[in-house]
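See structure below.
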């Protein structure tokens, strides 16, 4: 299956989803980007350089780890984890960013902008910009700036300017709008490093292509380690880049079931979640440059979303998944905030892994399904990132008294210094 | 050169340094440990298992990254970095800990204890204990608990009990004493996972052996990447485990200069540092189970030490280095707190790397020496860990106003919840 | 009467028409009415009524906030159409719907055109709907005799302008500079050259917008453009100095 | 008179001798003197004077704090030796230096032995100096006729006990249980068996320490050990109930 073969359908469309819905002023920029991307994609040297860069800088290939303890405790399927958390900057986001960095070099642009939700994409972009010598501006919803301060701190120290976006819900979608506004002004010297497999064509395809390195590695690794293909592959889905990344390794394997795990937030019916496909609340619309399922009201205005994981808290699903879901090729489930907390606790204590809150959504679903599977069945989870960045959120979520009193003490110390 | 061939000298001695100076009650335990270790060391299968474990769980081999920008800016030697920061839990400490975990399994013990300074070793140990299913207690000086709270938070969430040691200077050495006290009581079922290449024999040898994986990989990688050996290799030295780890790859290469970088703290003459060999303030003594250079007064009581990097803030140098230094085989330099802050800033902005404060000491010395070296010369720095864990210290050091106001806001939020 | 002939008719009396802009429901529909009253008095020729949207990514800060506030106060699409109907009944100028494509998409393109016609609108501006995606909507528009206003920009290639020109009807909207609405444009040779380039590819009247804010800009555009499009500057004036201010603003602009 | 004959002599009058412990300079040398006075009155036979060290890793919490406080108040090795000289001149019991090897190492082994003899000490206990490392110090001690007190422990193998026994002089210190100083030991068959095991490998008198704190412990040890070694229990009593308490403590212990 080549979902990126548009020769039969319309360029940039996956079924009826995708496309380019942008102000006319960006038309030329998108054309330029698309042709540069086509050049890169058809140039084997580009991919080699890309892989070499990630090997040397980010520690790829990341391993696949067997979770012996959890598999035994749950008594069902054998559980394996693809360790994107071991990447430089702590998540899969670096893959896409390094790829777009190389592409930006080819475009001859000297400045990059990016939106970020959890801050991981911003962190990765700031890192790439430092390495490539690009000027860098990161747009981040003010709410996210507040809950992901450690990432903001690192971005700034890496030399990026971080703009807290005060519009709208002050989260990821608003940061994307703000990026668009920057881009329509500065496209001549600026490349927009979109952080996930959403947005106008060619972003979904391009980000998916860079992230496909996850699935290429993972397929080979799991086959080497277990002698066979997994029965199910789980990945969390914000914009869908890590999930597209790992799923692409298995698109041609008909017996491998692919499960996308969305943010269930407060659960079904709460309207405080970001489950576009797993729940029934989303409908098709056009926003942020593309057509897909959005959490929106009848008039097409976006609803408030919520997740304990800032990186999943997005209104739209990537257009490729909207299509694959309708085709029955990818199943969608949601994990609630509560379930995420429990699974995180369990994974930390049982395996010594600290998945990012985003990634933990994939663990929730996998751990729920593993017990009813056979001992000879194999599960692969994509651990898209590490939880270090979430210390404030996790400490809050687990209501850690010592952490709180530590923070109180620190605050007092700082106030003391001031006066 | 095989420094661990004791057939000519005394077992566990490096020149006149090393040995076992422990209460008689531990004699049998140390004998048992030594014989188990000898078994493991002579069993090629053990090493294979060890390497496989680290590959699958911690992402080894870690890459060697070329710092193109810094090399160009400094205009001297070509700078390469061994990326121990990409390990699971964020530092080289995991190597030793996983090795000792396997050994502990062989010993048939079910409980582990460890001291920790920066918290990296405790974090790694708690992680290993979760994975191996050991009960785990971590001793940490109360001062270090205060300055490394994020690591404490993770240790606890990984299921370890963390004890804040209130004795003495409330730092690393006091945590070691407390471990000894636990060990003399519970040795029957407890293995003491010492975190660095210090302490009584066979710890310096054993920790060095596990860490030698760094040097084995690094030598091969740098030769593959550059076609030759490096001219100089730099590593920071707390207890000396990461430095021993990388240096062992080059002990037989006479033209490779090895440079250990100690904590210069407030500088020469300040008596607020932990430079045992680079400065003139240490003398030979016996404490914490072994003989080496300690920062102590004339009567043999230990002096207060200081470093911006909790993991380097240790009174004694490992006995192997004491010997190699006297033999002129390893040069020692110190980096001050101020220099560390500058080098960290530079490395973040120029290369997108965030070395741990400990590792940054090696960067300081390397960056100081690189400009006066030839463009055809090669430098290899061991980046022993990542700086994420240091966010509070770095934010303090860089006096980051936004961070401080964020912490103030968090504290207010927590206080609000209470009332 | 179609948009193009309306413009032609008005142009017989003055050489540069003015299109103004109102965000429906911001600060309130009552305020909107007052603004429109002033515009009508001043002799404005065309008005865009912006239907607020939650993701106004082509708008600058002032309109972003206006969209947001309007939605917060409960503005619905129904209200916007009702308002349009009322306004078109009451004032001499013609009305365009301005908004984002999702508003149209969600209600259905056919229904949108139907309601637009019912409310008396003569066209629409959807900045995030490129011509490639607009085939069906344009066909429906043609049947209903309402005009899709196509945007031409400084970054459009000749080839692209040809394509846009071929699809253009009623008028084209020439975007005077890169960026979003709301900041000042340096009117100069660039803008003139751009208008010339656009005219090579279309015969419909040319409006120029983005940053038009003063009599000077009007004088500059006269002879080059058919319409000057005034957006942010008017809203800023209304916010800062109310009805009197706005009256003065348009008086000076149209003097 | 050497330590062994001293013990033999004292044992003629009573069947279980007592060795007590004082941390030099904690709470102060004056307090130490008072404590020793009380010990002397009660008939204590031997006293360990602990020279404080910054890393007392074989000690329990009470002694750890005592070491720390003593150093903080400025106690020096010179003062400890001076104090030892004064005490040995004044009291009937014999004195042992107790401390960590670094104190000895830093001043030089020969000098240490010299000063110990000058101060009237008859031996020393260095818990972190294993016999393997003690060759030179033991030789010097033999020349000076002071005794290194060797520790035997519940974890020592027969082979190890044989090695320790061969090196033992003056007396051996049998550690009644695992752990550091300061917690209670369950005196029972294990302890008796341990003492028996130790006696198989040495002929010198046997002291038993770690957790000895009551008349019951004394009664238990009588007939098995030659000396009961009392450490933490006495210091705890002093801290909690001062001179009177300590007097009662030893009176009961030695009753």
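Should a chain be cited, it is by its letter among A, B, C and D, assigned in written order, with residues numbered from 1 in that chain.
Definition applied: contacts are C-beta pairs under 8 Å (C-beta built on N, C-alpha and C of every residue); 3 or more make two chains touch, one makes a residue touch a chain.
A quick note: this is a predicted structure, and the numbers were derived from the prediction, not measured.
A.B. asks: Could you tell me which chains make contact with chain B and chain D both?
C.D. replies: Both chain B and chain D are touched by no common chain, going by the contact rule given at the top.
A.B. asks: If you tally contacts for every chain pair, which pair is highest?
C.D. replies: A-B
A.B. asks: Nearest whole angstrom, what separates the Cα centre of chain C from the Cα centre of chain D?
C.D. replies: 98
A.B. asks: Measuring centre to centre with CA averages, how many angstrom lie between chain A and chain D?
C.D. replies: About 66 Å, centre to centre.
A.B. asks: I'd like to verify one number: the distance from the centre of chain A to the centre of chain C, where each centre is the average of its C-alpha atoms, in whole angstrom.
C.D. replies: Those two chain centres are 38 Å apart.
A.B. asks: Could you give the separation in Å between the centres of chain B and chain C, each centre being the mean of its C-alpha atoms?
C.D. replies: Once rounded, the distance between the two centres reads 66 Å.
A.B. asks: Hey, what residues on chain B touch two or more of the other chains?
C.D. replies: Within chain B, no residue contacts more than one other chain.
A.B. asks: Of all residues in chain D, which are in touch with two or more distinct other chains?
C.D. replies: None at all.
A.B. asks: Can you tell me, using the touch rule above, whether these chains form a line, ring, star, complete graph or other shape?
C.D. replies: If you draw each chain as a dot and join those that touch, you get an open line.
A.B. asks: Which chains touch, pair by pair?
C.D. replies: Once each pair is checked, the touching ones are A-B, A-C, B-D.
A.B. asks: Per the contact definition, I'd like the list of chain D residues that touch chain B in the complex.
C.D. replies: Checking each residue of chain D against chain B gives 53-60, 64-65, 68, 71, 76-77, 100-103, 105-107, 127-130, 132-133, 150-157, 160, 164, 175, 178-180.
A.B. asks: Under the stated contact criterion, what part of chain B meets chain D in this complex?
C.D. replies: 19-29, 167-168, 173, 176-177, 180-181, 184-188, 283-289, 291, 296, 298-302
A.B. asks: Okay, in this complex, where on chain A does chain B touch?
C.D. replies: So the residues of chain A in touch with chain B come to 55-59, 62-66, 69, 83, 85-88, 90, 126-131, 133, 146, 149-150, 152-154, 156-159, 345, 348-352, 354, 388-389, 391-392, 394-395, 398, 400, 402-404, 406-412, 414-415.
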